[in-house]
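There are two complexes below, and they share chain A, which is joined by chain B in the first and by chain C in the second.
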Partner chain A sequence: MLSVARRRALAPYAFISPFYLLYALFLIVPIGIGGYLSLTEWAGLGTPLWVGLDNYTRLFGDASFLTAIVNTLLYVLFSVCVVVPAALLIAQALNARGLRGRDFFRLTFFIPVVLSPIIIALLFTLFYDREYGLFNAALRGFFGWGGIDWLGEPSWAKLSVMLLVLWRWTGYLTIFFLAGLKNIPRELYEAAAIDGAGRVHTFFNVTLPMLKPVTAFVAVTVMVGTAQILEEPMLLTKGGPGEATLSVAMFIYREAFTRQQLGYAAAAGVVMFVIVFLIGRTANAVLGVGREK
Partner chain B sequence: MSDVTRRTFLRRTGLIGGGLLAAPVLGACGGGTGGGPAVTSGAVTINLWTHDPNITKTFIQSAKQLSDAPGGAFDYTLKTTQADSEALVTKMVSQGAAGTGTPDMIGIVISVFPRVMAGGIGKQLLLDLDSVVAPVKDDLLRTSPYSIDGKLYGLETDTCLSVLYYREDEFKKNDIPEDVGTWEELAEIGARLHKKTGQSLGIVATGDNTSITNMFLQLLLQRGGGYFDQSGNLTLDSPEAVEVLDFMAKGVASGFLLALPDPYGAPNTAALKNGKLIAAVMPSWYNVYGLQTNVPEQKGKWRMRNLPKFAGGGHIASALGGTGFAVLKDKPNTAAATELLKRTYLTKEGQFLRFQHGGYLPTLKSLYQDKDFLGYEDEYLGGQRLFDIYTPASQDSPVFYQNPNLNVLIEALGGPMLETLQGKKKPAEAIKEAVAAYNSKKGN
Partner chain C sequence: MSALQTRRAPAGPGAHRTAAPGSKSPATRRPRLVYVLLIALVVMFVLPLLWALSSSFKHRGDIFTYPPQPLPSPFTLENYTRLLDTQPFWGWFATSTIVAVVSTTVSVFVCALAGFAFAKYRFRGKRLLFDVMFSSMAVPFAVIVVPLFVMLVKAGVTNVYFSLIVPWVAPAFGIFMMRQYAEQAVPDSVLEAARIDGASEFGLFTRVVLPLLRPALGALAVWSFLNSYNSFFWPLIVVSDPAQYTLPLGIQSLYAAEGRQVDLVLAGSVLAAVPSLIMFILLRKQLLDGLTAGAVKS
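On to the complex of A and B.
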């Protein structure tokens, strides 16, 4: 039997133990198992065969994996340099005083986030079709030419995936910027107006600095999210043509669920985790997320 | 102060958590797949997984007939799960690892079958059907796509014979003979037609790797080539492969073949609807799932014929697709599931039922001479007697050898093949590149 003093000492730990148990069960242990699997060869049944660092050695000599890393970095770059600014500009437009139909616009921009991926795949396959697609038809209508092979030409296919990312996620990010814009004190804009600042000056000297914490959060979220991009290339191109749009997450999926190489896929997962972690930490440090000035 | 430090506490809870998780994991490694004694007669509920609703209908009907048959040992109830073909195998493997919850029967699509060839999955989970098919073994048309190390683990649902579908009205309008003897002749006619009307007589895919390579595989098999031989050796690096790829690339360049990202999706439907695509090499199931579904208004205008031969040789038919139906072994319902599979797949009644429900072609050679099949006329194809075409095709169709590394080859082949179709690479160069990439990617 435990003494009263000892029971009292243990009581707080007993109360907080469910969290640690669940944390260990659903986070620490799976990560540990993933790490262990990455050092084995395993098809999903039977006993994993220990292969040490073989999977990692193979991985860094695998041209497909390197292609996937480069593609993923391009997606990340596009998201940070195009999607985030686009979301900010749309938020700024939606925040304009006296804008009619604001809720309608918000809804319109948010719809892609809640739309079924199947519908998105169907729609965009049609939009991008070389012969019958909306985009080429529009190009032909406006400029008299429009024979772009959006999904069949490797560089255009990459751009097609990026445009889908832009369409799908800009509205979602706009919500964060809108919330940030609402929190900027109106007095600052009034003071800028009294000082004779124009719209551009006000944007760069009042809006942007005041939005820095939100921007930093959005940028980090986008970087980490895009580094794990799976749905867009999978829906639109299945990683093709060739491997032109293959992402790291797709590579992992492909190795695990079309080739049944779970150990190899786990090794790629570990590498992706390290990359995402480094991107996240670096972005956090550079952008100062969560730091009060 | 307590002698239980925070560190000690975390260590202990970590160990408990690890232990809790390790127990089922270790249990799963035991590999059991189901409990209870074997059901040998009476009421039985079969858990059936498939991606195809028509297969579900067929099995439900077949199970009812088998239950009602005098002297039948089982009274069947079917519990069906319909999902994506990849997801079904993923779930079966996971349940197999967990030691419970596997289905009694599963349909494994031909392109997904290599997954169960890996790591001994098929051998551990699926029933070896050799003894089941023994009485009709020589009558079975296709067994190699679902065999592992010479043993059969799945029964083919559909022979998937490839034929040339064509618009009879457009052929007449453009004076195209319906009995052109060789692909080379048809390619010349197609190039002239495209120049004159902008129409095409076939498609190539330029989207994902599977679609790109499927169109190639279909023609390659017809030409007498293939990806692998019976022993699993890669046979892609062949004159036939170069010839077929060259044929396709020239066809795209001349407009004889239409390049589409998805051979079954919306762009294909659009090409069919506006009459830009007036012929296509496609498997038997394309009649129901491609033409009748997407262009019902063209009923009566389409016909089919056997494929023109390549001047260099080969077959008059090919095949693309298929689903192997397998039974899970060492389960209480294994015997009942095997009976149901035998009745649905190895008897004339079952094969006719499948043909009626989903247009699946017989998988027994003898049925291609059976009067019930021979007399069948297809309304959509203008009342054409299908087996006038399928019977000779079934007698001269190529063999496809499955391989656990098929998906690696598809990945290796897709990129170079696309570049060839786009005129950026020579066919021989693309094949060499694909072979080199395959050898470096296939691993152990």
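On to the complex of A and C.
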């Protein structure tokens, strides 16, 4: 029988052990296997063939992979430059004094997060349809012309993916900004008002600095999240036309499960891991996440 | 424009609010521009969903008409009956629900236990262990998918429930969320009192801590449920037998099938969305507050 003090000292280890067990089995081991596979050539049957760094040299000469990286960076850029400001704008609107129905609005904007991405993507596929889609129908209604090939023309296809990202994630980010805005002491605004600061001035000198921790959190979340983008391009365009909307995650999926190049896909995974890690680190350093501790 | 100007007015001299709180001074006048923006956004967020709902009650030929038909005429339930008659919809529904409920239950328990330990105990290596746990959030999903799949195949794991549930029941985010909440919500004095009464450490957790964590448990439960119920990528990889499809896979298969059965896709989407929407609406406050708590505090 263990003493009470001893049990108390061991309890936290017991409490965290289920997590670390699962963590080791389903995260560390796969990462190790992935690292090993990335140095082999393997179609899923038989023994993996050791090829050293071949997969990596091949990756950096692979035009598809480079396209996937560029596309993914474009999606990340779009998220940071459009989705985040849109979410901040909406949060600012929701935080307006005396606003009625705040909870209703907040709830409505969050709905896309609740729904399955497959449902959302299929719906948008229908909206984007060149002949029958709602988007072209609306354009025809308003401007008398609506012949945009939303999913068939490379630039429009990229934009279509981005619009879906905007629709799907803005409401989610909004709730973080709104929570951050609510935490800003009213007195700061009152002081600014007494000093004669205008709305724009107040926004840049009171709101933004006070929101910095939340903004940093949102920006990092968005960058790391969008760097992994898969469902939107996969379901809307299958990465097409050509490879116009292909993302890195889609590339990995394609190499592994449609082309059976598991070693090659694993190497792409390792590269992606490094990229996401660097993006996260850079964003953390620039925005100072966790620095206050 | 005028709304902007009236809002700016109180900044001028003599404009600080001397009126009693709640009275209609210019500063509390309802911002009209804000309503216009918000209502336009509501339309953008809700219209696609209403379109799907309305179209699911239309005959196939009426779904894509120009100009679009706002309400179904004639109204028909045919898409729903045909979906339920010709597809194993309830099978998909059962798989999704079982997987989501089991994952949610297990992960809420695992996360609460670990979150409590990180919040309320001092132990060696705590900081390192926490950092290790926390940084796992940044591991991209696509990176572990291939090796994880290989690992399961090599280990001879063919059970769909195992593959869909077990690898995902310990989300680091959940532990983080629980720790943030437990730090505030569980007073040390209460723990000490229970210990003096002779409670074991685990008894402490089940009888004292869990009830105190209830709001956060609710938030994490909705979050896990939605994650599992809506997941698409991983099931796509591990489930090959159509009889064992989850809802997202089933709906996807209807669309991928020849002739793109849009009518069935819409009916299926509406039915599939019902449980997640109900769950969200019931636990919305806890979910939204719980999600933001960690981000705003840290």
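Just so we're on the same page, the second predicted complex is superposed on the first by the 266 of 293 C-alpha atoms of A that agree within 3 Å, B and C clash if a C-alpha of one lies under 4 Å from a C-alpha of the other, contacts with A are read in each partner's own complex, and residues count from 1 in each chain.
Just so we're on the same page, a contact is a pair of C-beta atoms (placed from the backbone, for glycine too) under 8 Å apart; a residue touches a chain by one contact, two chains touch by 3 or more.
None of the values given here were measured: they were computed from a predicted structure.
Asker: Please tell me, clash or fit, for chain B and chain C sharing chain A in the overlay.
Answerer: Because the two structures are overlaid on the shared chain, the partners are seen to clash.
Asker: Is the number of chain A residues in contact higher for chain B or for chain C?
Answerer: Between chain B and chain C, the winner on chain A residue contacts is C.
Asker: Check whether A:W167 is in contact with chain B, with chain C, with both or with neither, and answer first, second, both or neither.
Answerer: The answer is second: A:W167 touches chain C but not chain B.
Asker: Quick check for you: in the superposed arrangement, does A:E231 touch first (chain B), second (chain C), both or neither?
Answerer: A:E231 contacts chain C only, not chain B.
Asker: Going by the contact rule set out at the top, does A:R6 touch chain B (first), chain C (second), both, or neither?
Answerer: The answer is first: A:R6 touches chain B but not chain C.
Asker: Once the structures are superposed on A, label A:R58 by its partner contacts, choosing first (chain B), second (chain C), both or neither.
Answerer: Touch partner of A:R58: chain B, not chain C.
Asker: Should A:L151 be classified as contacting the first partner (chain B), the second (chain C), both, or neither?
Answerer: A:L151: touches chain B, not chain C.
Asker: Please work out whether A:Y132 is in contact with chain B alone, chain C alone, both, or neither, and reply first, second, both or neither.
Answerer: Both partners.
Asker: One more residue to check, A:L107. First (chain B), second (chain C), both or neither?
Answerer: second
Asker: Taking 6-14, 78-86, 114-122 or 204-212 from chain B, which overlaps chain C after aligning chain A?
Answerer: That would be 78-86, the one stretch with clashes.
Asker: Would you please give the residues of chain A that touch chain B in one complex and also touch chain C in the other complex?
Answerer: Residues common to the chain A contacts of chain C and of chain B are 9, 13, 20, 25, 29, 32-33, 44, 122, 125-126, 129, 131-132, 257, listed in rising order.
Asker: Over in the complex, which chain A residues touch chain B? Could you list them?
Answerer: Touch list, chain A to chain B: 6, 9-10, 13, 17, 20-21, 24-25, 28-29, 32-33, 41-47, 58, 62-64, 122, 125-126, 128-133, 149, 151-153, 237-244, 254, 257-261, 264.
Asker: Show me the residue ranges of chain A that touch chain C in the complex, using the header's touch definition.
Answerer: Where chain A meets chain C, its residues are 7-9, 11-16, 18-20, 22-23, 25-27, 29-34, 37, 44, 90, 93-94, 96-100, 105-119, 122-127, 129, 131-132, 134, 137, 140-141, 167, 171, 175-176, 178-180, 183, 190, 193-194, 196-199, 213-214, 217-218, 224, 227-228, 230-231, 235, 248-249, 252-253, 256-257, 262, 265-266, 269-270, 272-273, 276-277, 280, 290.
Asker: If you look only at chain C, which of its residues touch chain A in the complex?
Answerer: 4, 7-8, 10-13, 15-16, 27-31, 34-35, 37-38, 41-42, 44-46, 48-49, 51-52, 64, 66-68, 110-111, 113-114, 116-118, 121, 123, 126, 129, 133, 136, 138-151, 166-170, 175, 195, 200-202, 205, 226, 229-230, 232-233, 237, 247-248, 251-252, 255, 262, 265, 269, 272-273, 276-277, 280-281, 284, 288-289, 291-293, 295-296, 298
Asker: Provide the residue numbers of chain B that touch chain A in the complex, in ascending order.
Answerer: 1-2, 4, 9-10, 13-14, 16-18, 20-21, 25, 29, 31, 86, 90, 93-94, 96-97, 112, 114-115, 118-121, 124-125, 206-210, 212, 258-262, 265-267, 270-271, 276, 407-408, 411, 414-416, 418-419, 422, 437, 440-441, 443-444
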